[in-house]
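Report on the structure given below.
Letters are used for the chains, namely A, B, C and D, taken in the order the chains are written, and counting of residues starts over at 1 for each.
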Amino acid sequence: MTLDLVVKGGTVVTAGTQADCDVGVAGETVVVLGRDLRGWREIDARGRYVLPGGVDVHVHLSPPVEPKPGVEVWCDDFYSGTLAALAGGVTTVGNMTFQREGETLRGALERDLAAARRDAVADYILHPVLMHPTDAALAEIPALAAEGHTSLKIFMVLDGFDGQVDAYLDAMRAAGRAGMLTLVHCEDGAVVRCACRELLAQARTATRWYPETRPVVSEAVAVERAIAFGEATGAPIYVVHLSSAEALERCRRARAAGRAVYVETRPLYLYLTRERFDEPDGAKYTGAPPLREHTDVQAIWHGLRAGEVQSVCSDHAPWTLAQKLDPALTATTTRQGVADLETLMPMLFSEGVVRGRISLARFVELTTTNVARLFGLYPTKGTIAVGSDADLVVWDPQARWTVRGASMHSRAGYSVYEGWEVQGRPVVTISRGQVVMEGGAVTAARGRGRWVRRGPTERL
Amino acid sequence: MTLDLVVKGGTVVTAGTQADCDVGVAGETVVVLGRDLRGWREIDARGRYVLPGGVDVHVHLSPPVEPKPGVEVWCDDFYSGTLAALAGGVTTVGNMTFQREGETLRGALERDLAAARRDAVADYILHPVLMHPTDAALAEIPALAAEGHTSLKIFMVLDGFDGQVDAYLDAMRAAGRAGMLTLVHCEDGAVVRCACRELLAQARTATRWYPETRPVVSEAVAVERAIAFGEATGAPIYVVHLSSAEALERCRRARAAGRAVYVETRPLYLYLTRERFDEPDGAKYTGAPPLREHTDVQAIWHGLRAGEVQSVCSDHAPWTLAQKLDPALTATTTRQGVADLETLMPMLFSEGVVRGRISLARFVELTTTNVARLFGLYPTKGTIAVGSDADLVVWDPQARWTVRGASMHSRAGYSVYEGWEVQGRPVVTISRGQVVMEGGAVTAARGRGRWVRRGPTERL
Amino acid sequence: MTLDLVVKGGTVVTAGTQADCDVGVAGETVVVLGRDLRGWREIDARGRYVLPGGVDVHVHLSPPVEPKPGVEVWCDDFYSGTLAALAGGVTTVGNMTFQREGETLRGALERDLAAARRDAVADYILHPVLMHPTDAALAEIPALAAEGHTSLKIFMVLDGFDGQVDAYLDAMRAAGRAGMLTLVHCEDGAVVRCACRELLAQARTATRWYPETRPVVSEAVAVERAIAFGEATGAPIYVVHLSSAEALERCRRARAAGRAVYVETRPLYLYLTRERFDEPDGAKYTGAPPLREHTDVQAIWHGLRAGEVQSVCSDHAPWTLAQKLDPALTATTTRQGVADLETLMPMLFSEGVVRGRISLARFVELTTTNVARLFGLYPTKGTIAVGSDADLVVWDPQARWTVRGASMHSRAGYSVYEGWEVQGRPVVTISRGQVVMEGGAVTAARGRGRWVRRGPTERL
Amino acid sequence: MTLDLVVKGGTVVTAGTQADCDVGVAGETVVVLGRDLRGWREIDARGRYVLPGGVDVHVHLSPPVEPKPGVEVWCDDFYSGTLAALAGGVTTVGNMTFQREGETLRGALERDLAAARRDAVADYILHPVLMHPTDAALAEIPALAAEGHTSLKIFMVLDGFDGQVDAYLDAMRAAGRAGMLTLVHCEDGAVVRCACRELLAQARTATRWYPETRPVVSEAVAVERAIAFGEATGAPIYVVHLSSAEALERCRRARAAGRAVYVETRPLYLYLTRERFDEPDGAKYTGAPPLREHTDVQAIWHGLRAGEVQSVCSDHAPWTLAQKLDPALTATTTRQGVADLETLMPMLFSEGVVRGRISLARFVELTTTNVARLFGLYPTKGTIAVGSDADLVVWDPQARWTVRGASMHSRAGYSVYEGWEVQGRPVVTISRGQVVMEGGAVTAARGRGRWVRRGPTERL
């Protein structure tokens, strides 16, 4: 039998297998793992790893509010964002789909689905973000889950959160019952606003004060509260972009007590520390939560290794350098977020696997398998197995290169790791059997990406 | 020199001294500690302890809302309540003075001061309870502190708390700056309401479900949040009626990190466990938080011994048995609180000192010295020293007796320890040099109690 | 191409893949995963799981001392023990090879290798047990590692351990440097002996006192010390048969701090609690450490789920019921250990996967993949992938059966789970391409088992 | 009545009282606290504190081994040492009395009693140090306790400890039963020796490597083991000179679980950090354990404040600078210990009370009351009360001075705080009613010090 595509001679690595073999693809699917396979197209992967395509479930590729004159939003859309994804080895993204004022969750999803259908070059899922927990919105939850949207995002830091906390808990309960995973942005709004008022009173508004606006305690206590809300409602929770040792320790304790708590971190917290905010253009590093101390960085690495942090996602929320460094902004009004989709996997490989901090199997688990399970995509996504989508990355573990934001696909045009030396990168990306990136050139047609219907969240 | 009053021959015990000696009183004040003192009145304390009068800073002797037909409130007022206090060896009480709708904090204090001046037989302080954190109320805080009201109480469990959390944090900051201690009722309202909604949905409203309405997690996470709020605002906090090992552990960690966090427990959590709610008249035990498990009881005793719990106060919030057992009430509408002022010290002595769980010095610290320091009363109150108020209790460590609610001074008319065998009790209570209780008979004149002007909170 | 063997139509599950496909075997090796494969022999696995053969690295199939008249030892040898293994789905065992008085480590290994070569029906590795840390023994470590024996076992509880602790630390350092994993039996001998002396002084020697001879503190403190020794020497450690929440918590903290600490538990601690020792024939449950409380059981399950316990091995140390219940034995002289090899996987599947405590992927990880990695066997063992040994188990997830010790393959003749209802069991076991068990009947020829040369320990 | 001595007009502070009053002394005893007292001798204490004399239970004033030519030992004896004590406000010292080879505990005590009787100018107690846990030594324990020696010291770090650990546990059990407190030097000898071997192998023997010889883990794990031994034997334990956050956290957990564990720290760990060892004459700071990190210093201060560290004692083990800086010494052979008796109280007052880290009451508790209770001296020592020994210190809280080792009473001739600016100091020291220091000049006659018979340890 001649296959459509064969990736030949690489070391195929999943979270639980490692094999020197060929991967045979028919249509969009892996159909055979073996040796000496023949295909209409063959890709030479000798000396390289063949990994499952990355699954980055935390990106921002659609505007959270109706774009209006003067209101600036993230600079990538589904097109430029998923180009960056494929270039970086990520074949599935999860977009935060914000419910706007007066909108239902379904309305928001349909809006984003339309945009993604038009633009996306990688596959995608959407997380409805509950911004207005109205009765109508809560009532939609079971149906959305049944239709394959099995996640819900909430922001504890929102001004409106505390005043509507009862509705948010009802939403969590409904989500849990429907098999959804609740993603939680854990920063305590009251603490953050209190800190901001105090800094304003002291006229401390330069970027170097940014970490003070969102101290560790604001994250740690929000994590505790999210865990408590999960326990109270029976909802499994997924803590997004965890940044501190304190917050991690609290998740660890909850997990030791049997709670369904999962932890995502993002690249910023693995490579950079708060001293960055003292740099003249320190504003380019602002994200929420802020960069932390070296001890936090270490703790998160230990958590990745020990399995206490389950995923690394980009929280890609891109702005141009001009937007980030806008002199009108202050420590309390910064544009939060950075472009990180294209660098997500190479940086983690280089700083994690090459430097011996995590194993290759853990790398795969962190970037694909765990989130695929948690978000109901497994084993369609998140692994390389017979019957799984042929989302494959041929990875050159020896390639050395230098990060240059200007040459990447995000419209941000810069990287927070500008100039870093990296070892390892994807050389071919295959999405559902189609070669979509080769040697850095993304060849995917706009709109080829597909929404993925999801099953219920799986408990790890 | 002949003194006004001499307590002769007892073992005088404070948190840091122990002496077989006489205590000499002139007027309202201790003026000499020595031997062979002579007084116009002499009280024989041979074979007995002479202890500082108890300071119970957590009682409810005034109605929280305007009494109206059909609205029932606690059944003791400053008169019956302070009679119970003196009978039990407590010479100073701290009343929760609730700000009513439309009222300022000062207005509330004046209302209670008038009532206490008329009725109280023991000395007293008042804690303004911030129920409506208006700008006007917040603006009063510095002046109130300057006038000697150096504490502020907040209830995290209130329906309105989360929606006004920013104002509450501003209040805490103002209180901290003014030298006030912030007392915090730590139960997370969102978790409690969520649990109640769920129980109602399941028609689980019998008393035995009461603990489910306020699970440990609601207390633990509120304690974490109170600690975070203390850190964010710089306010020292005093966690009232802590009930669980989980919550205590969180305070312990905060203290280990140098936070100004103090912990009060109340008698209920030292002697009773949640099985009580399975009894036919289990409703008589309801307080907030509810009774917990045996492991919680043990943990709190360990905390008392190790010094991680700083005070034991009664949270005296009395209802008659008929009120408590009102069949119209359910698990989610129970009348919370029990009468415990008169039993506070004897029960702790019997179960704590006699049974070897805490030392006598710790007993004194827990019932008088620590709170006197924390609430700005020390050394006027909280010790026996030259110059201190002559608030003394002659304590018979051998007396054995049986708790009978009907024969105590609270109008509650019953005790949750009904029938318990107790060893040790006060046989004479002296308040500012005046013998106010002798052999169980309280002889104090209505209105003799006095408000105590306080200094700033002292950090232990 | 016609394969030697094809397992057809099952759901193939590894720690990181799940696929409905066939497994094709040529010779001893998996060579293809695909569909519609053809083989000389085909095994129908429809409706069943196809799992990697179990790897139980903790068994006792050789006598620790020279057998002499009157000295009784475990009742299984490599033959009966590995029969039990194959019957239970375990295709690789790790035997504890005790260095005897006057023997080198190599001598011990050669002795056991000879016995295993003669008798074993499953594959095996050997862990040299350092009983006499002589200079000669220590000097052998690098060479043994180079030859493929990449583990070393030490017993902290041994009488001689504390007096020779410096040599043991040197051994750990040498082992770590050589790429060996150090297995540690964590009970503090001083605490255990102290407890025994005290019980003897009180004439408390009935079986019900057995848990008192080895209290949780003896395990917890030994775990701390093993972790410290690991840190001091740079040696990764593997804590065998962890039994208590306290001990687990200490491992968790060490892992959070980045230490290379791995945790094994054994079945006893997942299903049974200390009340068993109050039964008339409670002695049949004795192992070291003893059974613990329900809260310990729960904590270990939580640890399995969260990934903080990395393996479940049997510690198969079989005695007949007559040996266990020998009336001459007392709480301080009990014969420790139970037969558990054949029940290891089915019990964990039934109590873990079927009851929803752990996922199927975790089950595979716990019984095969993690230990294969840790002990240098991966990916030869521990997964199903092209190039891996064809060690496969066809697992019927629906089969219901009842544990009957008498009908199992260990000479122990009884099971501590006698009469338990179990769901799930292996129906076919394949070892290196050979069907060695089918429908409960083990068909493997004595001596077919093979020693597996190992690489260095891999850090998870 | 005219008293022998009156200290007039000071602020008398104990752990639980504070009073502006006079202290009246008859003979050796406080007999009255009041105002306007008259005495044959009157000391003006206006504007000053009157505190209980310090109780420093951890000093080394006798040679541990038979002095021989070439064997150097600490440079103070009971005379110079207790001169330093009185000068610094310490009126009672506890000496470590080492059992020598072939000696019984009683023999050691008699030897030191003879020396102290001849030389001491302050009161003293002796702690027998169990260096040779022979049956004969163990058998003496009950009688020694009955005679008033209610403490026993053990060194976990000794070469011989691990090999004789069973005997040490028997000693602890006997001590606990006899009402003794067991003092434990917590460093794990195996870890320390392992670290030393490794450093020697790497030729890292300069002083800057000193901290590596005794890493935090060696202390932390020894603390865990001491706690476990306490639990196993029922013996209350007193951890001497705790130096690290890790070790403190373990004590805290043990106390939270109800264990009788008490913690002493010493001045070194409150004021200095490990960077000192990088100084050219860094060897002058060596003690065991070594100086730690800034985070450790902070943690211990937090522990002092929160009550989790119960005492601060000097561990006065003096050497001259020439001895300390002896070029023949290396990181693994350093002479451990520093002179700190005279600076103990002033430094803690200055750095603790004046800087607001601890309250004055806590200062008293830490330097006198807690150890007086723990070591069976209370209320004879450790407080100011009628009937207590008239051990008083008149303390000038404003005095500013500079540490100059050369002008102090220890023969060490230098201080590790050389040149530090200090606020607060004793201006008069009174021991059993006798003025023994005034304005810095010690006037006590050699041999006036008295051994204090002790009662059983009191559980705080």
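Points to keep in mind about this one:
Here is the rule we use: a residue touches a chain if its C-beta (ideal position, glycine included) is under 8 Å from a C-beta of that chain, and two chains touch if they have at least 3 such contacts.
These figures come from a predicted structure and were not determined experimentally.
Within the contact network of the assembly, the step distance from chain A to chain D comes to 2. Number of steps on the shortest path from chain B to chain D, with steps defined by chain touch: 1. For the pair chain A and chain B, the distance between C-alpha centroids works out to 50 Å. We define each chain's centre as the mean of its Cα atoms; on that basis chain A and chain C are separated by 38 Å. Between the Cα centres of chain B and chain C there is a gap of 56 Å.
None of the residues of chain B touches two or more other chains. Contact between chains, using the touch rule, shows up for A-B, A-C, B-D, C-D. Against chain B, in their complex, chain A makes its touches with residues 162-163, 165-166, 168-170, 173, 188-191, 193-195, 197-198, 215, 217-218, 220-221, 224-225, 227-229, 231-233.
Interface residues of chain C, counted against chain A in their complex, comprise 12, 14-21, 24, 31-35, 248-249, 252, 255-258, 298-299, 301-303, 305-308, 359, 361-362, 364-365, 369, 373, 378-379, 383-388, 458-460.
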